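Look at the two complexes coming up: chain A is in both, with chain B in one and chain C in the other.
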Partner chain A sequence: MNSTALLSAAKDGLLTGSVYALMATGLTLIFGVMDIINVAQGILVILGAYLSYALQVHWHIDLFVGLLITIPAMFVVGIVIERLFVGRLKGPEKTAMSILVTYAVSLLIEGALNMIFSVNDVQLQGWYVNRSFAIGSIHFGYIYVAGFVLAVGLLSSLYYMLYRTRFGVSVRASLADQTSAALVGIDVKRVSTICFGIGVAVTAAGGMIYGATNSFNASTSYDLISRLLTIIVLGGMGSLGGAMIAGVGMVFIGDMVGVIWSPVWSSMSYFIVLAVVLLFRPQGLFGKQAVRVA
Partner chain B sequence: MLEKKNLWWLLGAAALAAFPLIVTNPSDTSIGVFTLLFMACATSWNMFSGYSGYIALGSSVFYGCGAYTMALISIHAHMAAGAAMFWLVPVGGLVAMLVALPFGWIALRVRRHTFVVITIAVFFIFQLAAINFNFTGGTSGLALPFIQWGFSYYNVPFYYVALGLVIFVTFVSAGVRRSRFGLQLLAIRDDEDRALGLGVKVTAVKIAGFTMSAFTIGMAGAVYAMFIGQIYPQFVFDPVFDISVALMAFLGGLGTLAGPLLGALILEASQQYLTVSFSNGSLYLILFGALFLIVIMFMPRGIVVYFKERVKRSAATKVANLAEASGPATISSAGGAPS
Partner chain C sequence: MKISRKYFRTLGVASVAGAMSLTMVTASGASSGTLAKGAPVKIGISLSLSGDFSADGQAFQQGYKLWANDVNKAGGLLGHKVTLDIKSDASSPTQVVTNYQTLISSDHVNLTFGPFSSLLTLPAAKAVSRYGYAMVEGAGGAPSVFQASLHNVFDVALPVANSLVPFANWVSSLPKAKRPTTVAYVTSNDPFTQPQIPVAQAIMAKAGIKAVYNKVFPSEVTDFTPIADAVAAAKPQVVILGSTDVPTVSAFMQAFEQSGFSPKVFIATAGPDQGATFIKAVGAANADGVMVPNSWYGLAANPQSKKMVAEYIKQYGGTPAGVNADVAEAYAVGQVVAQAVKATGGFDNAKIIKYLHSGVSIPTVLGGAQFNSLGENPKMTAYTFQWQGTKGNRFVQVNPLGDPNTVKIVYPKPVWGK
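Moving on, here comes the complex of A and B:
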């Protein structure tokens, strides 16, 4: 094992991890504001990737230009899912029910995608997909770097929105305590709908990068959602910073394990890290301790 | 005299027992075997998750452990293919229980929402381990000793063993529901902190419930492996299994006794039937997802509870109607007595 391989794994961890962090941030934002676990996030990433694919194949629209269409489209998809199904859930079993409802939604989408695009693997194409440049002995794929820049850009704008705008204050208030937020006059229902939309909209960008760096079909979503869930639990459910650090950390650890031992153990390492961390910190790395409500 | 409620249970059991005598077509009886196995699994799942409110989405860990125990022991002990292999079914359950102890110990330290996700993570650890280790045969799986019982007769022994398992699990689940232990699980579901405050040893109770449900799911997995004769990691450690058993219990009625049985009967039988008649898997996914959404949105507490309430309500309106109809009559006959 040489240091170049390790450095290159570290680079992959950082670049790919940022994209996972982006997708997981959407998931944790939804959980934090609404107490909803959106199991459909995995298939929505794939839906985002297929949207980019359709735009590219049928209208020859570049992947990055296509985002101007797919991000708003996925935002609308999120709003529709929230209005039709998720937003109607109430009561103490809400979170458990949300898993089942979003799973049902993901089955519907999976069936539809299989019908429209068939189950054959596809990968997004562009002139930059297979090119790379080198710094020293380390190669940087254009698409990975672009994905990193995109993820960092979107995450920073999300942060700007959360910490510098009036709407962001409402979101953070709803994250902290929904009842109190409603008491000071925040329309929690509206905030929830928009957050669900934003949480789903990020899958368009994440899905495009994912689709350009991996071949995928609808059933790839199972692998994706398991990783995303692991990331948000490890980071602490509802913690945005936790999702980012865990996202980068998980891919980084996975790649390191892949280089040092064997790639077959790299995805298993995520889950083992998760189990070990939870032994010592049941609330995740940056999660709040569960407190008794009511 | 039998109570009316018990009569329904007996009728149901008799109908299930008579099924392979009436329907002899092997492809139909094999649907019967799968349906019974899922009825056992959904009831076992409900025995922990339904009563305690801790939704587990990693049940196939136990199913898979039971299946691999059956496969590995029968292969390495060079067992003669045949009915003697059924003795391994409880062994499969015990191995699943042994796995459930550390699994529960880690996963049950956290609160409900995180628990769900950890069970999913543990599930993936097992699936990946089964794919990557050598002794499990990797992705090519394991072939069990081949049982030569003849094509037309083959399903029947499995059918009755699975039925026996369903009856056993139902009795255990009913026993738990009535026991002090079951009440403790229900108390945890309703308010864990209060239960703890009142002296329920919540962690011990949760782990005990979790391992009990693992035992019976493991037994079902062992029967499955023997029935199928060849197991693959992606089919015994199957995410769809995890969600299916939960869905069956939700569909029928979470925390009820008849709910998971009914849910599994409806879902698994229709799923098997649809997969046999539609070769198009995508259409099936769409139908399944839509059915699932309709049930959850309109009958969130399950079919059993929904219809029980309907019956109660219609009985109540009947009584009210009767009272209304007979009301004026009584008044007139009593000569204007105060109503």
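Moving on, here comes the complex of A and C:
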């Protein structure tokens, strides 16, 4: 192992991890506000990637310009899913039922994507996708740097919205206690619908970066959702900051272990960290104890 | 009370055993070799139509269907129309077992064809052997499949361990001044890829080519960038990638290009053989010089292969070079079984197994299929193919040297995208 390999792994962990953090933030936001575990988040990321692919192939729209269309489009997809399926879940079994309902949604979308795009793998292309610049002996892929900037920008916007806007106050109040939020006049139902839309909208950006750095087809979603769920469990279900730190941390740890020891231990090392954290903090790194009053 | 419990337990065990025996007998009965006049012959297949192997599974489905259409056009098998009963296993080694059990015990298929990948073929062949069925397959060439000592499994394709031999021999045979001096071995921990590496490594080590990177990565890895970056940092002149699919190869190539690293020789065990799918994923310019071992390609001179390729293009479109090798492997499975049925005069699986073990050579689109006692097809020739050109790429045979269809190898591989 040489220092270039080590520094490259650290760089990869930070840049790729930020994109996972973005995707996981949508998932944890939805859980935090609605108590919904959206296992369709993986296929929604892939749907976002396919939207970028369709815009690029059929209308020759650049991947980043295309986000101006795909982000609002995925927001609408989120609203539709919330209205048709998720928003109808009520009662004490809501969270458990949400896994089944969103899994069904996931299968529907997967089937539709397979029919439309076939099962052959595709990858998003652009002049910047394979190019890079070097600082010393370390090469930085344009697409990874752009993905990092995009993730940081969107996560900052999300934070601004949550902590500097009136709507953000409503979201945070709903995150803390839905009954009290409703008592002070917050339309919790509306907040939930919009949050679901936002949580899904971020998959457009995550999907585009993922699709430009990996070949994908609809079944790629299974790998993604397993990663995203473990990220939010480590960070703490419902914790936005936790999802960000765990997202970057997960990829960073895995990449470093892969270089220092062996790639065989990459995934294992992350799960060891997860197991140790859960042993001492069952609620995850930044999760709260089960205090939610539905 | 004790006697009563024991009695009922014995009765229960006996009932279950009886039911199982009845099921096995019934299932075996379905394959006893005779079919009513006009009855179709049912062939049961489990394929990965979703999940990790879905692209290969779909290609296999095309090959099986193409063969069934041809057979039916020619009057069927011994006059019986062929119907394919295909179930999806979602690329799961567990589901594939359930599927074959269902196909045999519930759907009463007469014959079974193999699934995709060594990973699924082994459990599938074990399940099928319990019912006495033959399993002729085209994508289970890993040693682990044959080490199980199953008497019923026959692989029409090349045993995977030998796939890289012509390639390794070629690299080793280069004049010393031109011969690479360093190599990286990086492979998925898959039964298809791993056995290929030590064989190539032994040949290249003898030629003095030093391994500067030699690591295995788990097959479930999705982010290959750090592994590819580590390979790039070792600066090998040859990279041998043990891959099972296009996404893996595409991710490594992208990471190499971003690292400013372009090896003199790059070969991947699977992925570049996927025709148009591969080119679409990596871009035409990057494919130039990339190599892959295989036992077939769409421009093969074999007349049977040419006929199948023409039919494929008529039905699905595309070009000969773009036809996936999986299609030919699946088609060859059908050809082998058809010949066995014809030779044995029926659909009796025991007779089919005996016939295939007899050492007979059966012509197929892949070449001759002749099985050893383990069910391997060791006489199948290993080829190396290479993508050449930056636009309208040609997928050409570059190995073994001396073969009339072999064209000159592009060496060193052009820098990515140039």
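Assume the second predicted complex is superposed on the first by the 288 of 294 C-alpha atoms of A that agree within 3 Å, B and C clash if a C-alpha of one lies under 4 Å from a C-alpha of the other, contacts with A are read in each partner's own complex, and residues count from 1 in each chain.
The rule is simple: contacts are C-beta pairs under 8 Å (C-beta built on N, C-alpha and C of every residue); 3 or more make two chains touch, one makes a residue touch a chain.
Worth saying up front: this structure is predicted, and the values here are computed from it rather than measured.
When both complexes are superposed on chain A, chain B and chain C clash.
In the superposition on chain A, contact is made by A:Thr4 with chain C only, not with chain B.
By the touch criterion defined above, A:Val57 reaches neither chain B nor chain C. By the document's definition of touching, of the two partners only chain C reaches A:Val251; chain B does not.
When both complexes are overlaid on chain A, the residue A:Val149 reaches neither chain B nor chain C.
In the superposition on chain A, A:Ala275 contacts chain B only, with no contact to chain C. With both structures placed on the common chain, the touch criterion links A:Ala112 to chain B but leaves chain C unconnected. In the superposed pair of complexes, A:Phe216 makes contact with chain C only, with no contact to chain B. Contacts of A:Ser267 after superposition on the shared chain: both chain B and chain C are touched. Contacts of A:Leu183 after superposition on the shared chain: neither chain B nor chain C is touched.
Once the complexes are superposed on chain A, the part of chain B occupying the same space as chain C corresponds, among 145-153, 199-207, 217-225 or 289-297, to 145-153. The intersection of chain A residues touching chain B with those touching chain C, taken from the two complexes, comprises 110, 114, 222, 264, 267.
Residues of chain A that touch chain B in their complex: 31, 35, 37, 85, 88, 93, 95-97, 99-101, 103-108, 110-112, 114-115, 222, 226, 229-230, 232-233, 237, 264-265, 267-268, 270-272, 274-275, 278-279, 282-284, 290, 292.
Chain C meets chain A in the complex at residues 49-52, 54-55, 57-58, 91, 189, 215-218, 220-223, 225-227, 229-230, 232-234, 245-247, 250-251, 254-255, 257-260, 277, 280-283, 286, 416-417.
Those residues of chain B lying in contact with chain A across their complex are 53, 55, 57, 106, 109-114, 116-118, 120-122, 124-125, 128-129, 131-132, 193, 239, 243, 246-247, 250, 254, 281-286, 288-290, 292-293, 296-297, 300. Remark: chain A residues 1-2, 4-5, 8-9, 12-13, 16, 110, 114, 118-123, 125, 129-132, 134, 139-141, 144, 213-220, 222-224, 227, 251, 254-255, 258-259, 262-264, 266-267 touch chain C in the complex.
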